[in-house]
Amino acid sequence: MVTALDLAPGALGPEMTAYFAKCGDKLGFVPNVLKAYAFDDAKLAAFVAMYNDLMLAPSGLSKLEREMIAVVVSSVNRCYYCLTAHGAAVRALSGDPVLGELMVMNWRAARLSARERAMLAFSEKLTREPGAVEEEDRARLREAGFSPRDVWDIAAVAGFFNMSNRIASATDMRPNSVYHAQAR
Amino acid sequence: MVTALDLAPGALGPEMTAYFAKCGDKLGFVPNVLKAYAFDDAKLAAFVAMYNDLMLAPSGLSKLEREMIAVVVSSVNRCYYCLTAHGAAVRALSGDPVLGELMVMNWRAARLSARERAMLAFSEKLTREPGAVEEEDRARLREAGFSPRDVWDIAAVAGFFNMSNRIASATDMRPNSVYHAQAR
Amino acid sequence: MVTALDLAPGALGPEMTAYFAKCGDKLGFVPNVLKAYAFDDAKLAAFVAMYNDLMLAPSGLSKLEREMIAVVVSSVNRCYYCLTAHGAAVRALSGDPVLGELMVMNWRAARLSARERAMLAFSEKLTREPGAVEEEDRARLREAGFSPRDVWDIAAVAGFFNMSNRIASATDMRPNSVYHAQAR
Amino acid sequence: MVTALDLAPGALGPEMTAYFAKCGDKLGFVPNVLKAYAFDDAKLAAFVAMYNDLMLAPSGLSKLEREMIAVVVSSVNRCYYCLTAHGAAVRALSGDPVLGELMVMNWRAARLSARERAMLAFSEKLTREPGAVEEEDRARLREAGFSPRDVWDIAAVAGFFNMSNRIASATDMRPNSVYHAQAR
Amino acid sequence: MVTALDLAPGALGPEMTAYFAKCGDKLGFVPNVLKAYAFDDAKLAAFVAMYNDLMLAPSGLSKLEREMIAVVVSSVNRCYYCLTAHGAAVRALSGDPVLGELMVMNWRAARLSARERAMLAFSEKLTREPGAVEEEDRARLREAGFSPRDVWDIAAVAGFFNMSNRIASATDMRPNSVYHAQAR
Amino acid sequence: MVTALDLAPGALGPEMTAYFAKCGDKLGFVPNVLKAYAFDDAKLAAFVAMYNDLMLAPSGLSKLEREMIAVVVSSVNRCYYCLTAHGAAVRALSGDPVLGELMVMNWRAARLSARERAMLAFSEKLTREPGAVEEEDRARLREAGFSPRDVWDIAAVAGFFNMSNRIASATDMRPNSVYHAQAR
């Protein structure tokens, strides 16, 4: 059972069918978040389009940086699914298992660059107190070298995981067990 | 200026170009959130696809209920953009300007059905403390008559505004001024 | 019904009787907060004396500034009654309906002078964490041009709405419906 | 110095002059909160009228109960002035010095009647989260034997100290040193 | 009854028997926290060893400073037992009854040296948000003149009371009544 | 470097010297928390005595249960050292690597017995809001089958990690790297 809601899978169109097959080929499994959305082809397609654009498309943020934001946001929100799946991604992309643990446990305990600290401090504040973000918060990102477009990307990744953390928590989504041992 | 980032508009493909034209025809204006995403056609398309599916596609939740969730989440997060745009939507869809104000100010002060209270209490908890949501929270939704699929839709709408609230706050997104006087 | 307590009106003395008549003449209605206090002439008189002194007597703060503090405090406390009545006052006194909305939704999103920001930041902190206010908070007000007497007036207005917000919330006080459409 | 603002005393009218004299006669001193307001006769008179009505006029709440609410609210808000002055009042009125300490430190550790617990739990919630007070909170007071008028009085006393705590904290008001040793 | 658990006293070994006798001789009573641990000689001995080392052994912090930390931590945690016992210790060691009250009520309202403020600000942050303590917090202690070993001692005392506050609150531990009147 | 304070190791007495040797024999390393205390033999001995009694002595709580409390408390407090060391202990004692991850990430997402849920809910509340723990919280433990002595042990373990989390965070204590890969 992928979520506590246990919604019956719907008929997937050719694009999503192909995408599931591609996941099987490349990863060896279909991530449970995709199975959770599979009750409705349009919802699944919208989620996949947004996720892949955010996490994989060209950006001033590296893929590792985007995954670090994902894990820090998920740590504030205590999302078991996302911490498991994206903690594994930080371990894999960085080749540093301890970095993945630090993002899960407390990013402030990690040895990070000034750029990384600014990025994660902004992401944490945006998660905890979005209404308190002000120009001086954006200014700190600029001082750390981020362009306006980079600020958008930080906000968009942090925002996205604030969404998916809540869908996962609301539905008791369970991560594929394969993540736990990856890249340790 | 639509956001503090002031990103230059990108070249939109035919689908998004047509969508902007359609907004102009139907609403008389293009919502600023769409202009904010217009620096990148793929990001805009992904946002539009997810938004329209969530807020307009068939669901056990009425469109008004979805807008009520949007405003309550945005009130917790104190998002000026979303409170303005979706507060207007609640006023318009309900024909009850005071209901829009109540969702902005404090939904607990509104006279609501048991179904609506359960839906908004869940959305508020999911926004404030997603990691504390448990089976008993889902059970309260079921007792109020919501199906598993309805629970998904509540979570997905609440989750989405937890994303867009943060993108709007991070970028100081400004709502179109036309919303303020709508449906008063 | 003005509050959930539905206390029977008491006999008003000549001063309060005249005051209610004056409200009818000037406003066209008696604000429900006054009707809520009308079960006891002495309590009503004390409330009216303090309110009128605070909000209308000479002060280094303009009447609009005092109303802005009222709305920002009421926004932190999510007081439906006071947000409605004093949100209308901000719209009316400023001639700027959007300013009223911003005070209700998130004052940090408003374009304000340094003086206004200092005043509202102090009022918000005093509302959220009164025990953490220290000399450096008062110093910031002085740097923004406020005199010691102005600091008193900011504290007194912010304090007053921390009182009346709680009486309104405790009793489920309902605002006169006329406020909603005023000065839009 | 009574407050950090150190406002020069104003000319008091005959009523307030007499009241200060009466304080001197009955208490042996003028409470510093009154001296703090003495820069303006009208503000002082309004404060005295409201305070004396709330704390001394006939009510379904005993004077001790009103003082217990005052201290519990002041404990949540960490108001040094009010904890000192009203902690002394609880000790004096109850003849139980330990009860005063418990109200200052943590009312939940005190051995209280069900009526007292309901009254203080409501006052604490109203102080911490006024916007979350709902009908079920009022119902708990009714079940503990409080009338609608009693609910008003609880709300009015709790509200009043939420005001005066903030004025005292904002101005660094210092309590008369005599309170500390009273009724130990 | 010393705690709500009311555990039967166990057989004490010679060291703890002698220690209880010494308490009786020096203090005139055995502190209830020791009686609470007396159900198990090993647990009592471990507690006594750690407590006496922390609070009485040589340190760059004076005994009064250690007691001030104890009371400030206990105030954040609202621990009736520790506020009572260690509030008395601050009064006794300082010869200043008002200082004891200030540590209980709100240390920010006290007139303190820069060294004391730095020490108590660190202790409060460490109590409220231990995971947010960073190098800049330690730097502020160094700037206030504390050595690395002093930082350890501040952390160890603050940490210890975060432990004992919780054991006292979990078990409803009652302070010896003698503390209340001490050193007033 | 074991902590940011980098205190020079002191001369250890025979008992602690033997204990370090025993750690080397049994674990293959000396846990960094012990090295952190090694600047002072008396402090180290007191810590070791209390720790070993709490975590290893006979108790109605199993060793795994005690480690589960340790990790849940450390998760609330976001203590990198303790999450790493005791997360490994949960994995090792349970033979269930995923259980260790769940305790670190969000214990509410784990499939637990009613006994375990009651124990962890109490530990979490005691960590977050010790002053709000009341008789009804103890009653829930009793209903879940815990004896008064068991309640003490839960409180003592939860209390202990509230201490050691803060000492670790205050000093930036680094866990031995060997823990990360243990029992995956």
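In this document, chain identifiers A, B, C, D, E and F correspond to the written order of the chains, with residue numbering beginning at 1 in each.
Definition applied: contacts are C-beta pairs under 8 Å (C-beta built on N, C-alpha and C of every residue); 3 or more make two chains touch, one makes a residue touch a chain.
All values derive from a computational prediction rather than experimental measurement.
Enquirer: Just how far, in Å, is the C-alpha centre of subunit C from the one of subunit A?
Expert: 43
Enquirer: Mind checking the centre-to-centre distance between subunit A and subunit B? Centres are C-alpha means, answer in whole Å.
Expert: 21
Enquirer: Go ahead and note the Å separation of the Cα centroids belonging to subunit C and subunit F.
Expert: From the centre of subunit C to the centre of subunit F is 50 Å.
Enquirer: Among the residues of subunit D, which are close enough to touch at least two other chains?
Expert: 78-79, 106, 108, 131-132, 172
Enquirer: What kind of graph do the touching chains make: line, ring, star, complete, other?
Expert: other
Enquirer: Which chains are in touch, pair by pair?
Expert: A-B, A-C, A-E, A-F, B-C, B-D, B-F, C-D, C-E, D-E, D-F, E-F
Enquirer: Can you tell me which positions in subunit C touch subunit B when the two form their complex?
Expert: Interface residues on the subunit C side: 78-80, 83-84, 97-98, 101-102, 104-106, 108-109, 172, 177, 180-181, 184.
Enquirer: Can you tell me which positions in subunit B touch subunit A when the two form their complex?
Expert: 4-7, 39, 42-43, 45-47, 49-50, 53, 57, 77-79, 122, 126-127, 130-133, 135, 138, 148-149, 151-152, 154-156, 158-160, 162-167, 169-172
Enquirer: Once bound in the complex, which stretches of subunit F touch subunit D?
Expert: Interface residues on subunit F, with respect to subunit D: 131-132, 134.
Enquirer: Which part of subunit D faces subunit F closely enough to touch in the complex?
Expert: Residue list for subunit D touching subunit F: 106, 108.
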